[in-house]
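What follows is subunit A paired twice: with subunit B in the first complex and subunit C in the second.
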Partner chain A sequence: MARYEIFVTYKQGIFDPPGATAERALLNLGYEGVDSVKIGKFIQLEADADQAAVAAMCDKLLANPVIEDYRIERVEE
Partner chain B sequence: MIRFAVVVFPGSNCEQDVVWAARFLGHEAEYVWHGDTSLEGFDAVVLPGGFSYGDYIRTGAVARFSPIMSEVARFAERGGPVMGICNGFQILTEAHLLPGALLRNKGLRFICREVALRMEESVCQWHDIAPGTIVNIPINHNEGNYICDSETLDQLRTNGQIVLRYAEPGGAPNGALDDIAGICNERGNVFGLMPHPERVVDPAVGGTDGQPFFTAIVNRIAEVAG
Partner chain C sequence: MARYEIFVTYKQGIFDPPGATAERALLNLGYEGVDSVKIGKFIQLEADADQAAVAAMCDKLLANPVIEDYRIERVEE
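This part shows the complex of A and B:
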């Protein structure tokens, strides 16, 4: 059984409303150094599957390739 | 008599309104459970609004794998008319039956109100309203912020696939690209829109601007059948 951590984020150039709102809120709170906030999804997956199979799961269901990128990291036990 | 199939997913909540609207206008309409695998005997398919599978992962992401969806894709491939309203539109984009995607509304607010929409010159088979006409139809969604890449947008414009746009002061209330409220495929038989035409068919409850979205397709099917 392998453990994976998957990060799903919007593609470059796709407007991210929650990220933009958080960015504005941080600036309003006085955190002047804030330049950009992007909010995505974090998925923990345990499966008897190799990296290619996990990528297929992402392409088919876990991410929407039209709007999202994903990064898969295999977690060592 | 034209028969509408109205697909019910777990979490759909506008299917009764769609069936009611079709019947109000004198057509036959039946519910089809998402687990069914046949559209035998139906002339047109509507994917209604709601929150299929609780909108988990992404809106429409799970519903697109429902057993009936392979049949909806085959039906569309054969030229059968398919309309997705709100969550139905989201499902059609996830299923790649329509291009692009629907993101969370700009401003993060769920929007539920009537909006003005401008009908565009398009190849859409689902209505016969003159281009430039303004119609008033309610929207009711959290993810209606249409997006696609610039190449796709060019194709939508060139092919007459942009069916209607928000015509509100300040543009699209949800931030949709190019004020897009509804699009169709190149053939014009698959149509998705965020507004809810089924809610404005009876003058007793809000207006009749939604009627053409049910009657035009019926007339067209009847013409084809001769």
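This part shows the complex of A and C:
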């Protein structure tokens, strides 16, 4: 059984509505030092699968490759 | 300006609907080796703020401390 962490982010230039909302809300709360907030997905996967299989899972289901990038890291025990 | 990465995950024992849905969908797609999928948030923050201020932002807005844990990492340039 292998453990993976997958980081899914919007591609450069794609609008990130949750990030934009959080950024505005933080400024409204008085955190004037905030310059940029981007919100993506953090997926923790445990599977009997190699990294190529995990990439296929990302392409098919866990990310939207049209608008999102992903990075897969295998977590050592 | 500092860059932070924030990992927001459900606390132990809290039901994770997106993760459960993705897990079932991957099994339905034929990935029988999948044992567990948890889906949280991956936040990239750029701000003129120290780590304590970022933790306050998480407590107030970026995470829900009742049901979620978060981990903050400062990204070195």
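Observations
The definition used in the following text is that the second predicted complex is superposed on the first by the 77 of 77 C-alpha atoms of A that agree within 3 Å, B and C clash if a C-alpha of one lies under 4 Å from a C-alpha of the other, contacts with A are read in each partner's own complex, and residues count from 1 in each chain.
Here, a residue touches a chain if its C-beta (ideal position, glycine included) is under 8 Å from a C-beta of that chain, and two chains touch if they have at least 3 such contacts.
All values reported here derive from a predicted model rather than from experimental measurement.
Subunit A is touched at more residues by one of its partners, and among subunit B and subunit C that partner is C. Legend: residue contacts after superposition of the two complexes on their common chain; A:Phe7 is shown touching subunit C, with no touch to subunit B.
When the two complexes are overlaid on their common chain A, residue A:Gly33 makes contact with subunit C while staying clear of subunit B.
By the touch criterion defined above, A:Phe42 reaches subunit C but does not reach subunit B.
In the superposed pair of complexes, A:Ala53 makes contact with subunit C only, with no contact to subunit B.
By the touch criterion stated above, A:Phe15 is placed in contact with subunit B alone, subunit C being left untouched. Of the two partner chains, both subunit B and subunit C are touched by A:Leu62. Subunit A residues 61-62 lie at the interface with subunit B in one structure and with subunit C in the other. Listing the residues of subunit A that touch subunit B in their complex gives 14-15, 17-18, 21, 61-62, 64, 66-67. Looking at the complex, you find that subunit B touches subunit A at residues 57-58, 61-62, 65, 93-94, 99-101, 103-108, 145, 147-148, 175. Within the complex, the subunit C residues that touch subunit A are 1, 7-9, 19, 22, 25-26, 29, 31, 33-49, 53, 57, 60-62.
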